[in-house]
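Take a look at the structures listed below.
First subunit A sits with subunit B, and in the next complex the same chain sits with subunit C.
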Partner chain A sequence: MKQYVLRRLALAVPTLVLVSVIVFSLMRFMPGDVVTRMVEGHAYAPTVDALRTELGLDRPAYVQYLDWVSGIVLRGDFGSSYWTRQPILDEFVRRFPVTLELAALTILVSVVIGILVGIVSAVRQDTISDYVGRVFAILALSIPYFGLAVLVVVLPAIYFKWTPVWTYVSFTTSPLENLKIMIVPALVFGVTRAGPIMRIMRSALLEVMRQDYIRTAWSKGLPERAIVLRHALKNAMIPVVTLIGLQTPLYIGGSVIIEAIFRLPGVGLFFFESLTRLDYPVVQSVNLIIAAMVVGLNLAIDLTYAFLDPRIRYR
Partner chain B sequence: MARRVALVLALGVFVVSLTAPASAQQPKRGGILRIADREAPNLDPHLSISFLTHSWANMVYSQLVRYAHGPEQKHTADFTVVPDLAEKWEHKSPTVIEFTLRKGVKFHNKPPVNGREVTAEDVKYSMERFRTKSAFRARFDVVQAIDVVDRHTLRVTLKEPFAPFLNHLAASTYLAILPREVEEKLKDFNRAEAMIGSGPFMVKSYQKGVQIAFERNPDYYMKGMPYLDGVVIEITPDAAARLSLLRAGKVDMGHMWGYMVPEEAKSLKQTNPEMVMTPTMTIGSGKLYFRTDQPPFNDVRVRRAVSLAINRKAWNDSINYGEGCVDAGPVPCAMSDWKLDASKMDPAKAKYLVGYDVAEAKRLLAEAGHPKGLTVPMYHWPGYAPPWRTYYDLAADDLSKIGITVEFKPEEYGKYISTTYLGKFEKMAMGPQAPGNEVDDWLFSGFYPEQPHNRSHVADAELNRMLLAQRRELDPKKRLALVHDIQRYLADKAYYVYVPTSPQYITHAPQVKGFKHHDGFSLGHRLIFTWLER
Partner chain C sequence: MAAVGAGVAVEVGALPPARPWYTDVWVRMLRRKPLGTIGAAIVLVMLLGAVFADVLTPYGFAQTNLRERFVTTSTEHWLGTDQLGRDLLTRILYGARISLYVGFGAVTLGSLLATALGISSAYWGGRVDLLLQRVVDAWMAFPGLLILMSILSLLGPSVFNITLVLGIAFGIQNSRIVRGVALSIKENTYIEGTRALGSGHARVTLVHILPNVFPTIIVVATTGLSTVILTEASLSFLGLGVPPPYPTWGGMLSLAGLDHMYRAPWLAIWPAVALSLAVFGFNMLGDALRDLLDPRLKGG
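Up next, the complex of A and B:
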């Protein structure tokens, strides 16, 4: 087990190096130039040259890359934003709890709705409840979350002079106020993500319910509740957990738009603003940090399989 | 005609305002004004080049001089320079200006500055810091020496006479006056507790990504001002969310200037009839621009044909509800102090600026050797706010009527802003120009060789002479005459083809009083004279 974890961690190094190279090059391939983007209407030639030198953009690309990577490896320094001139890591650490909370609440909403609807659909296959559940899943899959978010912000303001958007308060300052602000974005995002979970839950549960051991359970005269929840559900959960794991980067990626619409000061918004401003170091470093997190998370998910299915052993 | 109607209406409004009961106009102290807008990327007014930073900084810092605002301003683009920290100034010679500072003006009472007096040393320090650190330092390249004569007197020596100098000093984009000890003790100005100036408001709190709160500076040198107790900017990056906050009454203004395009404003008026909206021409211009150094647009006949093909009145009627301005360049409509209307020029020349004549356009094209028309690209960024997308289509449609086939070349913003926007394109492009407060920004920057905003690659010796002359003329009347001469000279050159300018509806909640729109980035100065009537 220990060896397995160590091996996985060692494998993460080339992955992250590759990510850093890709992100660094992609940013440079993006059309446009950060310096002229910064000075826009005031692009007088001396201004542009001076700024380019100041930001170190006049050096060859490989020097810039090595400078960035060596800063991270040797000093844990992820660099500073071109625009805010603030250290990126500080900003990331300050903003991460917002995104983490949004992701956690979103996962909670999507898992609760997805699993409940999935179970009902599977157990009551081909009844009205199943049809309703499946229609819900298709709707949730086909409505883009950012479209739904804009509607939720705009429509109540037009018809009821009310909007869910308000000043962010951190959880530690006032848990209740914080939840009031977070619940609407989490619902919007969570509902749209519940669709795939529901569909996987339904098909996995249907599959398991046809297994021999479930038939045995029925023949022993166990009540339906015990069969579904205690015997079938645990085995049907494996693909669902995999799916949640696979969706996790989507929760972070989706937070980019959700945070901008609902005024949440998280990492997503930071990333979004930096991307539109061509703030190379921020986009590179945030991407790298998130990639490292995804690698770690995938490892954690692999380890939870052992809990769900004791037959899985790591060598 | 439209201008005349607007003038009569404006006069009517003015007469009504004179006869309105005095009590309705009586400013009231107190209250917090709430605005939804985007976040400033950086708080150091000298290091940042973002208008958002300069708008926030203008709440906190004073300048040597400023523009007329509120009751002082004659119109929305009034760039008359009035005293700020300098109570007066005098040209000792065409290149030497002596500024006399107000006595007893204090920095905010916060450590490490603790409310000490602002002196000529602070101005010198700020000017030198700007000239070494700001990416805009080229703006003050003309300065040769800055000398402190005494505690309240500063002498600035220029390399040559330079008429736009005072205007640049008055723009909040450039020279905010900072106290030296902040840099010495707090290391930098890029944080909320380091925002210590002598301006109308002080920073009360700043939560990144959430809101910045300003409170009234009780020691502000203008007695009894500002009227507001404070201002809160709710940081809202998304435009739809800003509008929703305004609709729901959670903010008083959905934008720092209160901007809203006519279509948006008309929809808001339906759900929120109580909103106060003032249609206003703001500084700005949109144009078709060309590689005038290469065929086919090096031929003035082709450029004139393009200009004559644009049906400006039809555009304005259909897109701007007839409320825009069709005589849109080279000096923008709103800059009435400097603009020479096309109606006051020789009609034979002015027709190439504002006229519409398909037959003559076709004849000119044929004369220029394109009897069967030609195909040209149009580089542009499709993401500009309405009505730009429609404008690109309208231009292509109008040009097709004289035989010019337009090939659309949409570009991603990053690419557009660093290439096409700065004149790096082939043949033809289209888009707006960023606003500038000085007429020089529209003339010298747009037409002088090697200037990045000389997007049409104009190189015209006679014009160059005139452009330099207006920069060196310090007598306002003589300079105005030169600026008018330039506009007359440019009328039939069609270096750029201008399209109608759209109005903005300056929009705010009814409780906001005394807010007068002013072009430029001086948020603090706009709000000195604003009050709330809840």
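Up next, the complex of A and C:
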């Protein structure tokens, strides 16, 4: 097991090196000049060349790349924003709790709804509750989360004079106020993501319920509740966990849009604002940090399988 | 592919139908997949609306009429008008055109790329496979929307750019699935046989492997269409997709129009409905085609 973890970590290194090369090249070799904009529009420096030298852009690309990567590896320094000169990592760390809280609440909402509806649908297969559940899943799959978010912002404001809270309050300042703000975006995003979870929960549970050991459990005279919740559910959870893992990049990508709509000061909004200002160091470092998180998370999910199904062996 | 039709034939107690598989799929869809049929119908309506948009509405998609701003549903404007007096139904029909153009363009490009990458990776194996798969790994580590946003903000928004970028992303992602199928086909004895008969690489891959990967590619492409259309809408929503004045569903929903939506909620409702219907249609059609063409991919 320990060997497996180490091997997986070693395999992640070339992946992340490649990721860093890809984001770096994207930022350097494509058109779009931030320096001219900074000098002409905002007078950051007397001349374009002066600013270039100041930002270190006059050096060859490979030197810039090595500088960036060695800063990360040796000093944990992800560089600074062109515009604010603030260290990127500090801003990232300051904003990350917002995105993490949004993602956690979203996953919670989608998992709770998806699993509950999925179980009811599977256990009451081909009844009215099953059909209602499946129609819900199809609706959730079809409605784009940003469309639903816009409708949730616009329609209640017109018909009920209700608007989401626009000024963000952090969890540490006032947990209750904070939850009131976060619950609306989390519900909107979570409900639309519950569809796939519900579908896979239903089909996995149906498959497990047909297995021999479940028939044995029935013949022992166990109540349905115990069979479904204690015997079947744990095995049926494996594809569900896989799906949640596969969807994580969607949660992160979606947080850009959700944070923009509900004005939450998270990493997604930071990324989006930096992108519109052509703040390349921020864009490349945030891409890299999040890619590293995705790689780490995939590893964590693979290890969760070992807990859910001890039959899975590691070489 | 006669064996595929055997299931139906037994039910009706007749000989296996002598239909080619691409006709057979639609017949079986009509008989057994009501949701898939509804999906296909929605897609067909959307296609017709997009193709005949010029004929179906008397207005141009950028034609403004300042005397008729914020009109609610009326006989002249079925879905009302926006802040510049542009007819919303017209803009939704032309929006379907953009969605389908980008969707089909990106998926076609992506499927070709996925096929080429997947088959080469599986066929050559060894170092080529190892190298290609590490690149795919690296690409998959990016959260999709972030990297697409980064690339598009650099390339600049245009219909061509977004089609290209979504196509390449689609291709890299799905090359994994094609590779998996090609790997298993490569192990068949008839591949060994045709090699023993002296077939070259081109003949083995193009004549013997490609046709067997084809159903999988069709499934990947149809199920992928809704994702690509949704991604295009997300990017246009953020202002990184298709630039104005072209109407796109994502762009119509974007926050730039939020103030107008408070005054005229239908400006938000109809594009959201159109997008949901399209995603629903393509999802149901894709799922049904997958079940009928390649049951192995179920739940994948």
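By definition in this document, the second predicted complex is superposed on the first by the 290 of 315 C-alpha atoms of A that agree within 3 Å, B and C clash if a C-alpha of one lies under 4 Å from a C-alpha of the other, contacts with A are read in each partner's own complex, and residues count from 1 in each chain.
Please note the rule applied: contacts are C-beta pairs under 8 Å (C-beta built on N, C-alpha and C of every residue); 3 or more make two chains touch, one makes a residue touch a chain.
Bear in mind that the values here come from a model prediction, so they are computed numbers and not experimental data.
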Touched partner set for A:G221, first subunit B, second subunit C, both or neither: neither
Quick check on the superposed pair: does A:G76 touch subunit B, subunit C, both, or neither? Answer first, second, both or neither. neither
Check whether A:W166 is in contact with subunit B, with subunit C, with both or with neither, and answer first, second, both or neither. first
Now for A:P60: first (subunit B), second (subunit C), both, or neither, which partner does it touch? neither
So, A:R94: does it touch subunit B (first), subunit C (second), both, or neither? first
Is A:V154 touching anything from subunit B or subunit C once the two structures are fitted on A? First, second, both or neither. both
Should A:R37 be classified as contacting the first partner (subunit B), the second (subunit C), both, or neither? first
Quick check for you: in the superposed arrangement, does A:L278 touch first (subunit B), second (subunit C), both or neither? both
In the overlay, answer first, second, both or neither for which of subunit B and subunit C A:P265 touches. first
Shared contact residues on subunit A - subunit B and subunit C: 30-32, 150, 153-154, 157-158, 260-261, 272, 276, 278
Parts of subunit C lying in touch with subunit A, wherever the complex brings them together: 35, 134-135, 137-139, 141-147, 149-151, 153-156, 230, 233-234, 237-238, 250, 253, 255, 258, 261-262, 265, 268-269, 271-272, 275-277, 279-280, 283-284, 299
Subunit A contacts subunit C in the complex at 14-16, 18-19, 22-23, 26-27, 30-32, 138, 141-144, 146-148, 150-151, 153-155, 157-158, 200, 203, 239, 248-250, 252-254, 256-257, 260-261, 271-272, 275-276, 278, 283, 286-287, 290-292, 294-295
Residues of subunit B touching subunit A in the complex: 39, 41-42, 44, 47-50, 135-139, 141, 173, 190, 207-211, 234-238, 240-241, 243-245, 247-250, 271-272, 411-419, 421-422, 433-436, 450-453
Listed in rising order, subunit A residues that touch subunit B in their complex are 30-33, 35-48, 50-51, 54, 81, 83-86, 91, 94-95, 150, 153-154, 156-158, 161-163, 165-168, 260-266, 269-270, 272-273, 276-278
